Amino acid sequence: MEKKPLLEVKNLKTHFHTERGQITAVDGITFHLNEGEIVGVVGESGCGKSVMSQSIMRLYDEKYTAKYEGEILFQGENLLNLSKAMMQKIRGNDISMIFQDPLSSLNPVYTIGDQIRESLMIHQNLNKREAQQKAIEMLGLTGIPAPEKRINEYPHQLSGGMQQRVMIAIALSCQPKLLIADEPTTALDVTIQAQILDLIAELNAQLGMGVIFITHDLGVVAEICTRVMVMYLGQIVEETDTDCLFSEPLHPYTRGLIKSIPQLEGERLQKLYTIDGTVPSLQKVPHGCRFASRCPYADELCKEQAPELEAYSATQKVRCWHYKEILKKEAVHESSNE
Amino acid sequence: MAAVKEVDRVRTIKASLKKQERQLFFRRFFANKLMVMGCFIFIVLGLIALIGPMLVSYDPYEMKVAERLNAPSGEHWLGTDEFGRDLLTRIVYGAQVSMGIGLIVTLISSILGLVIGLYASYYAALDHILMRICDGLMAIPGILLAIALMAALGPSPLNVIIALSIVFTPNIARIVRSSALVIREQTFIEAMHAQGASATRIIWQHIAPNTISPLIVQATFVFAEAIISEAALSFLGAGIAAPDPSWGNILQAGKLVIFKAWWMVVFPGLAIVLSVLGLNLLGDGLRDFIDPHSSGKKSK
Amino acid sequence: MLSYLFKRIYSLIPVLFVVSVAIFLIVHITPGDPAAIILGMEATEEQIASLNEEMGLNEPIVKQYLLWVGGVLQGDFGQSYFMKEPVLDSILSHLGPTISLAILAEIVALIIAIPIGIFAAYRRGSFTDHTLMVATLLGMAVPSFLLGLLLMLSFGVYLQWLPIAGYKPLTEGLWTHLRYLILPALSLGAIQAALVARMTRSSMLEVLNKNYVKTARSKGVKEHKVITKHALRNAFLPILTVIGQSFGTLVTGAVVVETIFNLPGLGQLIINSIERRDFAVIQGIVLFVTLIYVFINLIVDLLYGVIDPRVRLERK
């Protein structure tokens, strides 16, 4: 039987009105996520990955600041067509989210128990005692010791790792089908990072939910994602499975990202690779390929015409005019190196 | 069919985008316009205070009992007061007194506040003493302190200036001190100190310039407060004494004849409201100008 | 919590010291002989001398201060020369109307201001928001005594709906009591309302941008609950500060407004005392009101602890 996609995003665009005019932070994104799958989204800061994730939950103020276009099909239903009230029923129940900075994401004036219970009481009609029971259970599930004591504490009394566990407990309390994790480990220490990653992977296996994992760290992607999308300036420039990402990166930007991972093995004095230039401003999106200004392979064609996302293999898609030539050149280059 | 629908959808999206853009533009424009308006009101009132007395044709002191409490007319645009004096003339002369006192109080408390705030920020021991004094003075509600001081000093313009300057100086000193402390903590000050620059030089050449913009914003608000306070004191009979005109004591007279002469209350009141509104708008605008984050205007 | 309380009270000591010195000195900055001023033009040398003796004005100034503060600490605010009664008694007998007025004004202000502030923040940038904010700017530019006169003019003189002068104590019935206080409370509460509305708006705007509000929305919390439960409680701290601080404005405003509406409160007492040159009473009122003001700010600080666990559970 064919796997049914849990989430299908079709040509999603998110526009914002800022004081300096309109910008399109997410510009035509199409992808899907199967049930139980973990898909990574990588890119530099400002590439629109967070905006995309928050657009899926329609968290922006549609009255004054944001405007969405396209389709977000969740279990076949377009979220962009839902009423406010329907959307509220989905948030926290079917789709949940965890954010980058756990301390600022938790309300400082309520206990963590209050905050975990809240979604349970909204979505599952539990009374306070049942919700408390369930909340303690969830805290235990995320590996917090003595959850029945911790539950009455306030966010600022917990360590960063504990706070993120609380966020995960909140997000997973109603057993959502989709979890969006927006850089959940970025603000944490390295050791804690690994624990949180393990926890997400473990809960994904245990509860069978789909996960969109947003990060700028390719190491994290390698660890837990099955597929990856690379985003640049509001668009997907490459979509691939994790193995191919490292063995056969197609887009020059992806290559750059991979090269700039610090290597532990090999020569110590090797200079760290950096991609030249910075991400152009969203107010001045280039005409042609958005990466052209920073790309070592760019030519006139790249500067004038924007490439489309095209399929390279069954699992790989890329948005580049020259990826085939580059692939050949690099292959020669690498073999001559050996 | 589907294509038509799509075009329609795009069109409505674009229309609503336009609407949002308009609102945004409106918002920015509005913020600036208010400041411009405040500035304009203030300049007009300032001009009235400066050259108004040359333009009005009546004597502010000469009493004509026959013409007492005349309603506004072609002859007396704003009517006459309980002694038959032209109200417009009294308000114009009163502008000189009320705004003049406000200005002098603002200048005195700004200068004193600047000196106190700067030196307090530089010398920790001095800081303790000066700021405790400021805290203490600020704990006493302003008008009450002014009333008590006026009761002791006796009503006269000079005493109003002294009393209000005592009330407002701590306020400015606190603002100056807190913005001076931010600079004081920076490493370059420490470095200058190490190089042997004198305290006076560091304070006046390097710390002081950075406190000027918050000082100006605060001074604008103090100006408005001083005008209100003078009016309140004079209204209570503890400020500028008759027959010298001030907006406050015209109102005091107006209160007694409120049943017969509404103009005696409305026009001097309008003068107070306009001057305070002008200064508040100016202050708000300047504050946004200096620190765009303070107003919390964020679109994203 | 207890150590927080002690720390806060401890920090009040220097403030109160400065307050007492400042208020004590007010009488002594009088140009000339206080006794002569109190007695007026017709006083003889002997009368002045005996009054100086009676009031202890011949003692060294430090001793005078210590005597005065010692008295205050025991609840003795001195003796009113004019009314021949303890200052505290005069203050207490005039306290009722002032307190009633201040409380009513605060209630009026909060009922108007907080919903306006929340609404404006929620609809930030809209036409309604702008209109409301311009209204508050206008509200802040109208001093309470002027608004009092204007309300008196329109409601009392022209419409004749409400009494424009006088005071009936609460013992004569709640409505009778309130009827006389409505116009004064409105004139006094308007500025306060403008202030609180602006503070509520900016505080709400700040909080609405916080991540935990996003978290609440992502949990599926209904919008009105996001506002009232998650945002408002966090936004309330700065609002509370404004309420506490502006109580000073409120009481002093009450002093001025009372004289307009002929309320027999502290305002009238202090104005009459100025005419009578009854310095002990003036001193006493200023000190008394300052103490109330300081005390209210202390309570506000303690409420901080109740609202914000970070303050309450501070382990420093």
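Note that the chains take the letters A, B and C in the order they are written out, and that residue 1 is the start of every chain.
Operating definition for what follows: contacts are C-beta pairs under 8 Å (C-beta built on N, C-alpha and C of every residue); 3 or more make two chains touch, one makes a residue touch a chain.
Chain labels with UniProt names: A = Peptide ABC transporter ATP-binding protein.
Everything quoted here is computed from the prediction, not taken from an experiment.
J.: Could you pull out the chain whose C-alpha mean position is farthest off from that of chain C?
T.: In terms of C-alpha centroids, the chain at the greatest distance from chain C is A.
J.: Report which of B-C and A-B is connected by more C-beta pairs in contact.
T.: More contacting C-beta pairs are found at B-C.
J.: In whole angstrom, what separates the CA-based centres of chain A and chain B?
T.: Here chain A and chain B have centroids separated by 51 Å.
J.: With centres defined as the mean C-alpha position, give me the chain B-chain C separation in Å.
T.: Result: the chain centres lie 21 Å from each other.
J.: Where does chain B touch two or more other chains at once, residue-wise?
T.: As it turns out, chain B has residues touching two or more other chains at 23-24, 299.
J.: At least two partner chains per residue is the criterion; list those residues in chain C.
T.: 124-126
J.: Scan chain A for residues touching two or more other chains and write them down.
T.: In chain A, the residues touching two or more other chains are 64.
J.: Touching chain A in the complex: which residues of chain B?
T.: Of all residues in chain B, those touching chain A are 13, 16-17, 20-21, 23-24, 28, 299-300.
J.: Using the touch rule from the top, collect the residues of chain B that touch chain C in their complex.
T.: Checking each residue of chain B against chain C gives 23-24, 27, 30, 34, 132-133, 135-137, 139-145, 147-154, 224, 228, 231-232, 235-238, 251, 254-255, 258-259, 262, 265-266, 269, 272-274, 276-277, 280-281, 284, 295-299.
J.: For chain C, which residues count as touching chain A in their complex?
T.: 124-126, 210-212, 214-223, 230, 233-234, 307-310, 313
J.: Which stretch or stretches of chain A touch chain B in the complex?
T.: Those residues of chain A that touch chain B are 15-19, 21-22, 64-65, 67, 69.
J.: Touching residues of chain C toward chain B in the complex: what are they?
T.: 14-19, 21-23, 26-27, 29-31, 124-126, 130, 134, 137-138, 140-143, 145-146, 149-150, 152-153, 157, 202, 205-206, 209, 248-249, 251-253, 255-256, 259-260, 270-271, 273-275, 277, 279, 282-283, 285-286, 289-290, 293-294
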